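You will see chain A twice below: alongside chain B first, and alongside chain C after that.
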Partner chain A sequence: MTGAVLECRGLSRWYGQVIGINDVNLDLAPGVTGLLGPNGAGKSTLLKLITGQIKPSRGTVSLHGQTVWDNPDVMRRLGFCPEQDALYENLTGLSFVASLARLNGYSRAEARERALKAIGKVDLLDAKDKKVGGYSKGMRQRIKLAQALVHEPEVLILDEPLAGMDPLARRSTIRLIREIAADGGTVIVSSHILHEVEAMTRSILLVHHGRIVAEGNVHEIRDLIDEHPHRIFLGTPEIRRVAEALVKWDDVQGIRVDDEGLVVETIRPDAFYSRLPGLVLEHNFKVESMISADDNLQAVFDYLVK
Partner chain B sequence: MPIYDQSYRPYRGHLSSHAMRWWTITRTGLMHLFSKKIFLVLITMTFFYPVVAGFQIYFVHQFPEQNLVTINAEFFRMTMEIQLLWFLVLGIYPGTGLISNDLRWNAIQLYLSKPLTKLDYIAGKLAIIGIFLLGVSLVPGLLLFGLQLGFSSDTKFLTSFWWIPFSVIGYSVSASFAWGMIVLALSSLSKNSRYVGILLIALVFASGGMALFFWGITDAEGVIIISVIDELKQLSYLFFGGQGAFGNHGFAAAITLVFLMGVCAATLRRRVRAVEVVK
Partner chain C sequence: MMEPLKAVVHLSMNRMIRSRRTVMMALLALLPVAPALFAVVFVSLRQSIGTTGFALATDLFQALYLNFVLLAITLFFGTSLIGDELDDKTITYLFVRPIPRATIYLGKFLSGVLIASLLIVPSAILTFAILSTLDPASEVVSHLSIFARDILILLLGTLVYCALYGFFGAFFKHPLLVGIIFTLVWESVITYIPGYIHRFTVLHYLQSLLPHASGQRGIQELFGQPTSPFVSVITLILIGGAFLGLSCWTVARKEYVLPS
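== the complex of A and B ==
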């Protein structure tokens, strides 16, 4: 007994000559697992294989020993929140979630009750009677999440669930995901942004070019990332003054002048972020924006697949 | 201190059986349609001819000396044929949007991530259009037969035409299934229901034009079954007997429809997917 809820064995999927997922072996236990990889790495393909949406070209996915593909009964234990918008624009949020709940076999009253509960969990009760077509991007994400939660699945699969959410909604969604895991659920969350995954779990899988290139603790990945220069864009009209101050820091490896600011390369981003506010206040710099593209994840993937 | 099980606990309440899971899709679709006034007006209009036919039966019995119309198998076949107009109308609305709207909203992946098979999904969608098609063919056909029996003072009509209800049922079910499958297959071809509507109208008129063209050059009446609508008309002769301007090619029409159903089923199998696979 491995304690694994979900198992993938030799899982491969190719589209003609293109390999989507290549010989993946996985054992997923209860808790949150982050699926991290750049766009086009194969995360969505893997999730669609796990949810039985597409047939594996080779290998199997099983939930408690039951094959997922072409096995609708297994779907009762799975909840899926797709990346793409998958909504009936002319239904209200409540009727959308309730009608999908009924596909799980609940009575009308039970489905409505569960839909209200799920919508409450994603903080959308105020908008439950509005048509989905009038929802903002973040609200649409949350109602999709509600339909995945409505039957209280054992395994919850979320494809880029935080995309388009405002900071408050992100925070409450992250809290919700953690609560589900704390209640014994198994949650798989895909993202291409490290800090999003980091906020939800310590356990991650790195996917690149259709393969699992690493799995383990998020700190190990963070350390790997920190070995590579981390690029941070600072939007400021005082380019020369800010650059002059930053160049004195030992952990700043390079500074490049951009159109509307500076691109700073640092090997210790955490230290940089903690010291920067003090520097700005001390010199009264005007810093209008700060963007970390996190694109050095690509460098980590390149390093891992060498 | 007792320590309780912290692991996942599934729902232990009653769940409906899988066999009727498709009905959830049908019911949701029906509720959505019945909430639209334009659709209610459309459905009301479909009863126009059956009401006229009902009055015909009434007048035949009230004024037998007038010799208005003969109530026989052809009367019922003709009712079915005239109601085919509504097959076309209902095929365009709501038929064309049944799958294409789901494709447009990426909803199929949500359906198929639930305990539902592709067959359940297609059956659910087919039932939506099927219910309306049977509503404009089976229901008026049986009601008119009942009306005729009600007005008859003897059993002469019943002993001569006892088989008509079976023909009405057989024809309505087979024509509704065939037309429903054609509409669903076309609906799965595009994310835009307007394009599907254009495609459906094009199929009807293009196949009709081709049938007339080949009839013109070959003079063979059998080629009329190239036309989709004439194929359904010819099918009615298989169930009710008799023959029209192009003769009776009911059996050939039935064989062609079976082949067409195979094509539709293959199209639906290929197009109804949770994920659009781009190669």
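== the complex of A and C ==
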């Protein structure tokens, strides 16, 4: 016994001629583990295997020694927030989460109670009675997270959970993930953005071309990344005002106007991310979205696999 | 098993009731009401329709309910039991819950049957009620048992066709297309081919259960004799059970890979 919660042994999965994941061996213990890799690296395939949505072509994946595929005992311990922006659009946030909680075996009253608690954790209580079809992108992300939390799973798997969230929601979600891990939970977070993962954990797995190319501490990767400027897209209708404020920051190397916002180049993304909410509040800017347009990670991966 | 099953039925019903498909299917289910209303208006204008309200009701039952409304509604609901979840990419939420996949499918199947029945049966009752106004009250009462049997045939048909089309939804990539081809070619055309081949259609057994000699079965009656009601019911139950079992087996084993 290794003491690991989740084990992958020789795990491979291919789709016809295309390799999704190739010979992955993993032992995941409680805490947050960041699954980092560029788009198409195989992160989602790995998460689908871990959550029993697809079967391995070769190898095994098990939770506490139990195989995952169509195994209700395993599913009871597992919470999953999928990447795709898909919800039951006609349901309210509360009925969406409560209905899914009932699938975990709770009575109607208990499911509702748990749903309210989970929705509270993601700060959506004000919008709980609105249809999720009318939610913003960030709210949709948070309600997806709530349905994953509703049964307080031992293992929480989050596929790109911060995508589309505004800065404040990102911050509170990161805090929530860290709290879950601090309480003894096992959390796997996938992202293609190093800074997101870094804010949650030091422990990362780098996935590239279906393989784990590196695992361990984030610092070494961080050093490689910081040699390159980092690009961040800010969606705002107040392009000129926001640009005028940002251009005064020393670490901002360049600003480019895009269709619906700005692309900012910075050499200190951490500092940028932590200062931005203050700036937005101070000037009452309307920032609708923030997306890392960073493609430097790809360069780092290219460097690592050469 | 019952609690998770009820939860899946509840979630699926919640979703289906609010869908555009259900609204469209409700309108389609009400289609036979139009000729019934037309006949009543026609009579009220002192025109003769040359038949009784009950005879017209039985003709409408076979021509529209059994051969069209039942097939169309169960086709659309049956093929979408799994298909809708795949198209909307919401199936993930169901498959990561602690419920066997077969139970998830069973819950979706029951909700599909329930919704389809709720659309078809009230429409049939409404049509019968409208056309009954054309007949004397004493005759209407004597026809009630026949009408009740018609309703049971519709319910049995809904169950069997939902199981059949549900299997298409679970197994095929383009279930609606397969279902349409099956309905138009197999269930419709085969019924008219001489010999015994029509006994391989579901429709044959449903038609064999009809309590009334409608006189409108036309060309079909030239080619095939009905099967006894007992054998028909047993055959329909077996067909429905077999396809429901196959669907549960398929869903439990098949991977439904959503595009990233």
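The criterion applied here is as follows: the second predicted complex is superposed on the first by the 236 of 306 C-alpha atoms of A that agree within 3 Å, B and C clash if a C-alpha of one lies under 4 Å from a C-alpha of the other, contacts with A are read in each partner's own complex, and residues count from 1 in each chain.
Simple rule for what comes next: a contact is a pair of C-beta atoms (placed from the backbone, for glycine too) under 8 Å apart; a residue touches a chain by one contact, two chains touch by 3 or more.
What you are looking at is a predicted structure, and each value in this text was computed from that prediction instead of being measured.
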item: Partners on chain A (chain B, chain C) - clash or fit; value: clash
item: Partner chain(s) touched by A:Lys55 [first = chain B, second = chain C, both, neither]; value: second
item: Which superposed partner A:Asp73 touches (first chain B, second chain C, both, neither); value: both
item: Touching partner for A:Pro30 - first (chain B), second (chain C), both, neither; value: first
item: Which superposed partner A:Ser99 touches (first chain B, second chain C, both, neither); value: both
item: Chain B versus chain C as contact partner of A:Glu154, first or second or both or neither; value: first
item: First, second, both or neither for A:Tyr15, with chain B first and chain C second; value: both
item: Partner chain(s) touched by A:Gly185 [first = chain B, second = chain C, both, neither]; value: first
item: If touched residues of chain A are counted for chain B and for chain C, the larger one; value: B
item: Overlap of the chain B and chain C footprints on chain A, listed as residue numbers; value: 15, 48, 51-54, 70, 72-73, 75-76, 78-80, 82, 84, 86-91, 99-100, 102-105, 107, 147
item: Residues of chain A touching chain C in the complex; value: 15, 44, 48, 51-55, 70, 72-73, 75-76, 78-80, 82-84, 86-91, 95, 99-100, 102-105, 107, 147
item: Chain C residues touching chain A - in the complex, by the definition given at the top; value: 3-4, 7-8, 10-11, 14-15, 18-19, 88-90, 92-101, 252, 255-258, 260
item: Touching residues (chain side chain B, partner chain A) in the complex; value: 6-11, 13-18, 21, 24-25, 28, 32, 105-107, 109-117, 120, 274-275, 277-279
item: Chain B partner contacts - residues on chain A that touch it in the complex; value: 15-16, 18, 30, 48, 51-54, 70, 72-80, 82, 84-91, 99-100, 102-107, 110, 147, 151-152, 154, 183-186
